[in-house]
Each structure stands twice: as C-alpha cells, then as structure tokens.
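Input: one structure, supplied below.
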Amino acid sequence: MAVRVGILGATGAVGQRCIQLLDGHPEFELAVVTASESSAGRPYGEAAKWRIDAPIPSSVADLTVRETDPSAVPDDVDLLFSSLPSGVAAEVESAFAEAGYVLSSNSSNDRMADDVPLVIPEINPGHLDLLEVQRDERGWDGAVVKNPNCSNITMVPTLAALDEFGLERVHVSTLQAVSGAGYSGVSSMEIIDNAIPHIGGEESKMETESRKLLGSFDGAELSHHEAEVSASCNRIPTIDGHLENVWAETGEDPTAAEVEESFRAVESLDLPSSPDRLIEVFEDPDRPQPRLDRTVGGGMAIAAGGVQETPAGVQYNCLAHNTIRGAAGAAVLNGELLRREGWI
Amino acid sequence: MAVRVGILGATGAVGQRCIQLLDGHPEFELAVVTASESSAGRPYGEAAKWRIDAPIPSSVADLTVRETDPSAVPDDVDLLFSSLPSGVAAEVESAFAEAGYVLSSNSSNDRMADDVPLVIPEINPGHLDLLEVQRDERGWDGAVVKNPNCSNITMVPTLAALDEFGLERVHVSTLQAVSGAGYSGVSSMEIIDNAIPHIGGEESKMETESRKLLGSFDGAELSHHEAEVSASCNRIPTIDGHLENVWAETGEDPTAAEVEESFRAVESLDLPSSPDRLIEVFEDPDRPQPRLDRTVGGGMAIAAGGVQETPAGVQYNCLAHNTIRGAAGAAVLNGELLRREGWI
Amino acid sequence: MAVRVGILGATGAVGQRCIQLLDGHPEFELAVVTASESSAGRPYGEAAKWRIDAPIPSSVADLTVRETDPSAVPDDVDLLFSSLPSGVAAEVESAFAEAGYVLSSNSSNDRMADDVPLVIPEINPGHLDLLEVQRDERGWDGAVVKNPNCSNITMVPTLAALDEFGLERVHVSTLQAVSGAGYSGVSSMEIIDNAIPHIGGEESKMETESRKLLGSFDGAELSHHEAEVSASCNRIPTIDGHLENVWAETGEDPTAAEVEESFRAVESLDLPSSPDRLIEVFEDPDRPQPRLDRTVGGGMAIAAGGVQETPAGVQYNCLAHNTIRGAAGAAVLNGELLRREGWI
Amino acid sequence: MAVRVGILGATGAVGQRCIQLLDGHPEFELAVVTASESSAGRPYGEAAKWRIDAPIPSSVADLTVRETDPSAVPDDVDLLFSSLPSGVAAEVESAFAEAGYVLSSNSSNDRMADDVPLVIPEINPGHLDLLEVQRDERGWDGAVVKNPNCSNITMVPTLAALDEFGLERVHVSTLQAVSGAGYSGVSSMEIIDNAIPHIGGEESKMETESRKLLGSFDGAELSHHEAEVSASCNRIPTIDGHLENVWAETGEDPTAAEVEESFRAVESLDLPSSPDRLIEVFEDPDRPQPRLDRTVGGGMAIAAGGVQETPAGVQYNCLAHNTIRGAAGAAVLNGELLRREGWI
C-alpha cells in the first residue's frame, strides 16, 4: 500500500522537480503540498508558476495548497519532503518532527548537526541509524534526515570509491548550473557571456559535508573522514548539471584503469528511484558534458570521465543533474530508504 | 621613426585583433598583411570577414593581401607578427627567419624548442637572449620569439609572484572562452547550455610552457622550473576571457595579504602596450568575472581575486583577455620588447 | 511485418534524430545507414559523433556504414529517409529513385519542382498523388516525396487553419535555433550574446514553400495558394525550437477565440508518429517558449499562443521542434503516410 | 560654465550607465546622486553594486548618496536625470518639478500625458515647447521631459525617415536584450537556451509612443500620427542591443535604395552626445547584429540593414543599444537639448 506523502515548499524549483519525480511513483502517493501563506488555499496549478518542460501532473494541479504548518497536514501523511529556504526550514522542520512527522529534507540548515543523518543511500546508508540518537536527544516522535548539497552528491560517490586506495586530499573546481540557485537566484545579466568564481557558502559546504558523508558511525557517534577537501566553486551559464574537476590524492597510487574500475564497482540499490548503475564512466575525454549527460540514469546517476594519473593525484571529471540527483531526487531516494529501513 | 611591420595570417581572429591593436601604434606602422592564396591579391577589407565590434581601420581595409611567403614581403619590413595555424607556421616561420625577418609569433609550434625564447615581457625578458643561441644554431639572419598560450599568460604572472615563497606545486582548473579556439573552433551546438571538460593539448601546454617561462637562462642554456603543474581545462559559453582557479603550494606559507601584496608588486614595463599595473587584485570574492573584467588595463592586465589560505596551498582566481593579452597583444608586446632590446 | 528502411546521410544531425525516432518504431526496421566515403565500412557507433542526449541505440551502433550509392543498398530495403546536404542530394536522390527506391527526403533540393510532392501529412496528404505524375514524367520505379523546411512546418499548419477565414497576407518573423543549420552551421562566436537577422535562402523558402503546401491538387496539376507571405528570419542562441511571430490577414475578421478554436480543430492522424493533437494552444501570453515547449506532443506537435486581434491581422506566435517535427520527424511521418497510402 | 546635474535612482542599471555617460561630460557636472533610503548616507561606491565593464569614475565613487527627495538636493543643481521605477517616479517626479527642478526622465510613467513632451532630439525637438503648456496647466516652476522606451528609440527614427513616402502601417517584431528589464528583471533560468514571446506592456508602448513621437505640435496641442503600428515583442538571450524586424507600408513605393538614402539623410545634431550620423546603414544582409553593432556611434546611433522591397511593404532591420541610446543616453541627450533650448 502506498505511503501518503507531502511536499513542504512545493511551488519552488526543487518542489516542482519533486512533484515530477513522484508522478507515478510505485510506493508514494502525493497527498499534500504546502507553500507560503500567499499561495495557501489556491489550487496548485494556479499557485505555482510551473517551469518544467513536461506538463504538470493533472492530479497535482487540482490539489489545494496548504500552509506550511503541522496543523494543516493530515495525520495519515507519513513522510514529508522539505525543500524550504534554509532560513524558514530551521524552525519549521523541528515543529513538524516534534509533531511526529518524518522528514526527508533538502534544506541546508542543520546538515552538520551531530544528531542529523546526512545520507546518500548508496554511500552511507548506515548513517540513518543516527535517527535513534536524534530522537533520544530531541524527544521527537518524528525525525529529520538530510541529503547533502548538490555539489557534494556529484563528487562524494567518486571519493567513496577512491577511499579503498586511502583518500587523503582533494582539490575540486566546480562549474555549476544556474538552477542550483533557485528560479530567481542568478539573473541573466549576471551570467550571459560570463562566469562567477564564487558561490556563497558553497566551498565550505563541499569541505565539511563531504567529510561527514565519508565518515563512520559506530552506533553512538559519527566520526568525520580526515581527508582534506579544498573547493573552488564557479557558476556558469548552463541550465542544469554540475560539472566538477577533481584531483584526489590517495595513499596508494592506483592506475587510471583501477580508478575507473572502482567507480564502476560502486553498487546501486534496488530502490524505486535508483539508477541501474550509480557511476557511469565515459571513455571519451570530452565527456561528461552537462547538456549531453545530465540525464544519464534518468538524472539519478553520476557521470565520470577523463580519468588520468598525475603526480598531483588522480585527476577526473564528474557530473550530475543538480536538481534531480542533487536535490529533489536525493530527497525522494532518502524517503525510499527510510521506508525500506522501517522508519515510516 | 616607425618600424614597418606585417601580419602573417591577418584574416583570422588573432590577426584581426592584431590589426586593432596596431591601429594608431606609436612605434609600429602596419605595412603588410598576408593570408592564404585564396585571399591574396584582394583588398583586406574584402578578403577578411571582420568580426570585431569596432570598425576596421580604413588604412588597413585598402591594403592588398599578399601571399604568406618571404618573396611577397618587402625588405623594409622589419618585424612580422605571426598568427598562423601551427601546422602551417612550422614551415613558414623558418622560411621567413632564414630570409632575415624577425618574427613575434603566437603560433604554438616550436614553443618548447630549446633555442626558441618563450617570453612574457614582464616575467622573463632575459630569455630573449636565447635568440643568440638560436641564430648560432640555425644560421638565421632573422629570429623567432614566441609568446605562450593564452591559459599560461593568465596564470604564469601570478605564479612568478608566488615564487618568492618557493613555488612547488600547482593545480589549475580553467574556464576558457570560445574565442580561444578561433572563429569556427567551437560550434554553437557544442557549447550553448553546456561546458566541455577537455581542450586538446591544452593541459600539457599548461604543464610544460609554464615551467619554461618560470625557468632561468644562464646565457647558454635554459633550465625549466621544477614546480609540478597539473591542469584541467574546460571550455564554457563565454566569448572572451579565460578564468582560472588556482591552488599553489609553496615552501613558505604566505598569508592571503602577503599573496595579494606579491601580486600587486609585479612590475609592469614602460612599453607602449603595457598596462599601468600588470596584476589588478580584486577584493570582492565574486571577481574577477570574464564579462566585467576582461578589459582591465585595456585587455593587457591580469585580474586576480578570491585569494584564500587553505591547507592545500594558496587558492585564488585569475583572468585575462585571451585574444588580447593572451594572443595578439602578447605578440605585439613581444615585438615592442624586441625593439627596445635592439633586435630590430 | 516491418518495412525495412534506410537512412541516407545518417551521421549528420538530422540523421541522428532519425535514428532516435526509428528506435522501437512499430512499422519500420532500420536496416541500412549510409554516409560519405570516409565513414563507409566502419561501425556506425564509431563513424558518427553521437550528440543526442540519449544513448545511441545499440542495434544501430553496430551497423556497418555503407556508401551512399544504390549499389550499396540491398533490394529488400523499401524506404529511404534522406537527410543529405542539398548539393549532394540533387544527384543522389534521382539515382536511388531511378533504381526503384522510395525516398522520404528532408533535403531542400527540388522541393519546388512541379512533380515533387511537398507534404505535411495532416495538412495536404492528397498532394502525395503527385507521385503518379512524377513517375510518368521521370520514368522512375521509385519515388521522391519531400517535407518542407522547418520554419514552414512550424507556421503552415496554423495558416491552413486560418484559411477557413480566407487567408490573404502573412507577415512572419522567425527566431530560429542553431540546430537548424546543422552541427557546425553556426559557430559559437557568431551567436553567443547575439542574434543574426539573416539566414541565407530561408526567407524565400518560407514565401514559396508555404504557398505550395497550401495549394490544391486536381489530380494533374498543383495550384499554389495566392496568399502573399513575407518573412524575416533570425538566428538566436537557442539549441532547438523555432519560435515565430505571425500576423495573418484574412478576408473575414475572426475573433481571437475563433482563431484558437480553428487551431485546435486541425485534426491529427493516426500514424505511429502523430501527436495526439497537432496544434496545442497556450493561454499564457508568455508561451510557447522554445526550451519549455519544444517537446510538446513528443516534439511532433505545434505550439501556438498569444493570439490577438489587431487592425493589421490576427497576431500570434507558433513554435515547433525544428529537428524533430521540422526535419527528422517530418520525414518519418511522410514515410508512415507513404506506407498507409500503399506507395511502399 | 558647467551645469550642475543630479541622477535620481543612481544605483540601478540605467543610473549606472548615466554616470558612465556623464563622466568627462563637457557641459554637465554630476553633483548629486540619489537612491532609496537604505542607500542614503553611504558613499556611492559602496551603495551601488557597479556592474559596468569599465571602472566607476573615482569622483562619483566618493559622492554621498542622498535620499530621493527635493529637500535633499541643493538648489544649485539645475537638471535631474530620472531613472526611477515608474511606480515610484509618478509621485516623486511631480514633487521635484513643483520644487522647481527640470527633469529629463527615462521612467515610463506619464509618457502619454497630453502635456508631457516625449522627445527624441533628432526627430521631434519641437515637441519640447509642450513644456509651456505643462507649466501653465500644472503651475510648475520646473518641468518634466520624457524619452520614449528603448524599442521605440530603435525604430522611430527609421519610421520618421520613411514618412516622406507617406507612412501608413507598420509591423514590427523585436528581439530584445535582457538589460532592458533591469538588472534582476530576467532570471537566467528563464532565458538561457530560450526566448520569451511576450514583454508586459511593451507592445502597447510601441503602438502608442511611436505615434506620439511622429505627431505634430501646433504650439498648443499635439496630434498623434495616424499610422497603424502592430508590435510583437520578444526577449532573447543577449545582454545589450535591441534588434527589430520592421515592415513599413507607405503611400508611395520607394525602392530599397531610396529607403537607404532616406535613412542616411536623417540629420544628427551637434549636441555633445550626438553621434556623427544618426542612422548607419549596413550593406551586408547579416548586419546589424547586437554584439557587433550595438556600439556604433558610441552606442548613440541606430544601425539599419537588410532593406528589401516586398509586396507587403518595405522590410528592414534596425538595432540600437538599449541602455545607452535607448535609456541613459536618451535622457542625457534630452538634457543637452533642454540646455541648448534655454530651459535650464
């Protein structure tokens, strides 16, 4: 029987992707959409300015938008996807968790909190058990699990693969798409014929979230990985798909072939939204490219290529669809994991 | 009295910039333009498809295009700027040098030859004396000096500044403009809403040319610098201006302020095309940006910013106009240096 | 039983789209791909630089590319899709037709010939009977049917609808995507941050092909429609999707609602590649937009919107995917019509 | 002696252009910059996010931003350029005019008011005398003159030229740059790989302002021109420069050569910001193009090309820099006319 789910902040860019990904979902039935007060009470199809290049599912167009408040959400809704602005989310998510709801959140607040699991299902599913610590400490009936930011989701699966060679140090330069900043985040005058070598807060997110994701959980406490990560983040004029140049230094010196093999060996899961293979490795050094490869694995896989051995570490490129694998799809996948692990 | 100069390959993108930069030049008078056979004999204004956003100088529009052959160039022309495709240049440049012409060449052939000076006037003007070795070995009356490729011109001045702290290792990711590939080098279908994580040959040029530029010349032989350089090169949808993310590891650990100070301390020259200051340092972490900052110093300066100390080395961004400072302007500046040093 | 088909010029942009559209086709089995001599003999997956954002069908990747010559194509292939450059096509298509093959061609040569049917299946299917005249006159066992150029496919269905009000005069401005010029047709330096107010030959194609498409065939001769069409064609920096601003003057003065009704009333066909509805009408004046709406009806429908009554005629916008509905899909649809009408 | 001038709304995109154009102006000295309350009291260099690709003039960087209120502006300032949002301008401009200031305003409010002159100095300078009517009716010591919106400034000079043949009817399609909507007006997600066939209010502005500009003033009342204008307005991914496709029907049928001659014959003025020639005619049908030609005449001229005779009227393209000639430069030029005509 399908789990009834809701989306908090359903009119934004990530909320819209979430709706698209839940359309026809085998396990989840979208029952509730919430947004800001000005939208509440209106049919979703009117309240949202739908900007995805596929029609709005008709069942969703007619849903009445509710306020983003626990009292407005029926009790038989078991799972909420949150894509609220982080400022709003900090308060609202706690209120929902206290009221007993389980949240799979894409918002950036609290990702680094000691008792909040930050999860990529194929990489660190065991971190989900931090929820027991969370409930103990916060006295919640509900729970909050987070997915990392889009730039980390693109890179961390490759780093996890390389950790078999003893990951020590990472340099990463990102070429990020404008959709990562939300619908109005980057004005066209800023970015046409241009690039911006700075994205507020992004570099430190890459440096800290990655180490938490690669860390180990002993049932009580989470130790972060000790690799050093140094990131340089750029916005470029692409719509979707973050491309990243990575150099990873490891204790052992694997060949390029061994690196590619380690990427291909990362196992995907059998969750409904899992891609067949998590990391697709391209042989052509021109690839992956955002426009051509962002939809690999339905937008849920990571594309990698250009693997080279250098004196300064293994060098390669990786790419993922930032609003599917990097945001809405990441939250949905965490929801699927929550269900399989019995948290809902 | 003005030196009479010519441009080999004058109809291409770099040739056109060269014409623009020579318009009104205080020391050089453009007397000859050459191109391929199909253009020879026609007025330049007809033979070239002019694509610069400023009118073609009228004195040049009426010049008759000549064949790219020593016999077609009058003897009173003392300096030739070459922006030929490297395949053609390999043969043609030697023929001109043998015939007694002095060439300032932007073509990539022979840049790494032991007896060919590869020069950025503000950084390694002393390398020009390699021309004596060149004449000895080749028996030329003329000479060939090269400027490095555009990505190196953007980065190497900053590395030269950092060498006072003992430069050891460099990671660099580039976000390069489409004009770097010539007028037809990148098709619009390849690059709109996209990025390409590979530029053929560019990474190795960055790794080898940079070490030659930073090397020392003892009057007889040139030793390359021992720093390790690892480059990852990307094409993005910008018209002009290469942006680069750099991490430089040095023996000493300078503060960000010391790094900025070292950048500002690089002296410009008093040549006609020199910018007032070679490296402009921006405080705003959003800068430099290609569209806003590529014309700093009339397109002849380097813009730097985002300087940070990290455990993985000093991190910063640099930017230069790839067809001005990185190509046509570099060749003109080398020509000005050749004149000041008495080679013409 | 599936008809065995081939693609002439299969490595180009339209050829690739054609392969994508034939993948899993219920009536056609792709048996032969041809290209230029330099590609012949190699597996298609190697010979073609595949640039569509979906994987190359594996059955096609292994097909050996053949020369574009009747002797290289087996006799049991009954239908050929041609997307050759028009210069090549002029000669080659005749040779194939003479050798007995039936061709559905997207190439622009011969579109205006008196005995060549120019067909949009939903608009003028009866013109197909011109093939009898063609065979009589040319003595061919085979046949050649053409689809119009992409800009006309976008506009003509709307004009056909308006003809019930007595179409008299049309002004149309186009905003055309770069893919319409083929993979290397528009360089990135030409079009980034730019628009080009001229596409060679396009304006006259719009003015003549449209009148042929709207003309009537009496079984012996085709009369062109008498409406006056004046086109202004522009290239803009979009990948796919031609947007057109149209003013149509008609004998009667329909209201905007009547115009929309006439658009919706154009019937689609029940061919395998037909969209559910040929013309989708948008209410939001911001639509249709190339990136959001080019895939309406799987890329095979026309999107229309912004319908207004003005003193200068009915004003509206229309849009179609230029390489699907406007080229490869148009040829495939004509192939389906040829089969249903018994020509193959 | 220089007139002391001020800019109301100096931190916005048009305000910044205005500052750039006034830098080194021979007749005007920029003494005052105003902005919203949150900026007041801070140095301009801090309050404004400067986005022009030339440095901020140092004399302006240090000016203290004042509130946009007559009491905050010294009496010795004789002319104010206004580039306020039209909602704000409606009230504020009246207050300044009542307080005795003369305003040259780019804001769209009140452009169609009977007693407000809407002026392009080369086209309808005589309309300035409407200011006498304005002062009479409103009892102002000051005055307000408006420049039209950017799309009209691009087209109307060509229509004025064609009026010698009896202008009757105009169809115009625009391809407008994103800067026309202000710095944050068009998000990058809306416009990359896209075009938007609708700009709110723009079509009606083109239809009404153009007729007022072409109208005649008898000293007491202004009659609008009777030509019918029908506009279709599109936003495309260009930074600056509006390109327009025009068809103009006239009583007489001029040849293309006569049309070009009439364009070239429009006289420029001898005001400091006037271009040498108002309309530059291009022979190459590919031109004018936004990126290549928007700076013709220093951004103050109109570029035209592609002139053809058609049965549906004379067809041609025109282009102007929308934030220079189409906004800030238009206001400055009106200021220069006000001075020459003795209004300040």
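Letters A, B, C and D mark the chains in the order given here, with residues in each chain numbered from 1 onward.
Convention: a residue touches a chain if its C-beta (ideal position, glycine included) is under 8 Å from a C-beta of that chain, and two chains touch if they have at least 3 such contacts.
Model, not experiment: these values are computed from the prediction.
Counting only chains that touch, the fewest steps needed to get from chain B to chain D is 1. More contacting C-beta pairs link the chains of C-D than the other of the two pairs A-C and C-D.
Averaged Cα coordinates give chain C a centre that lies 42 Å from the centre of chain D. Measuring from the averaged C-alpha position of chain B to that of chain C gives a distance of 46 Å. Centres computed as Cα averages put chain A at a distance of 41 Å from chain C. The multi-chain contact residues of chain D, meaning those touching 2 or more other chains, are 51, 192-193, 237-239, 291-292. Chain A contributes residues 169, 171, 173, 175, 192-198, 228, 230, 232, 234, 236-239, 243, 245, 247, 285-292, 305-306, 310-313, 315, 317 to its touches with chain B in the complex. Contact residues of chain C toward chain B in the complex are 13, 51, 178-179, 183-193, 237-239.
Across the complex, chain C is touched by residues 51, 53-54, 192-193, 239, 291-295 of chain A.
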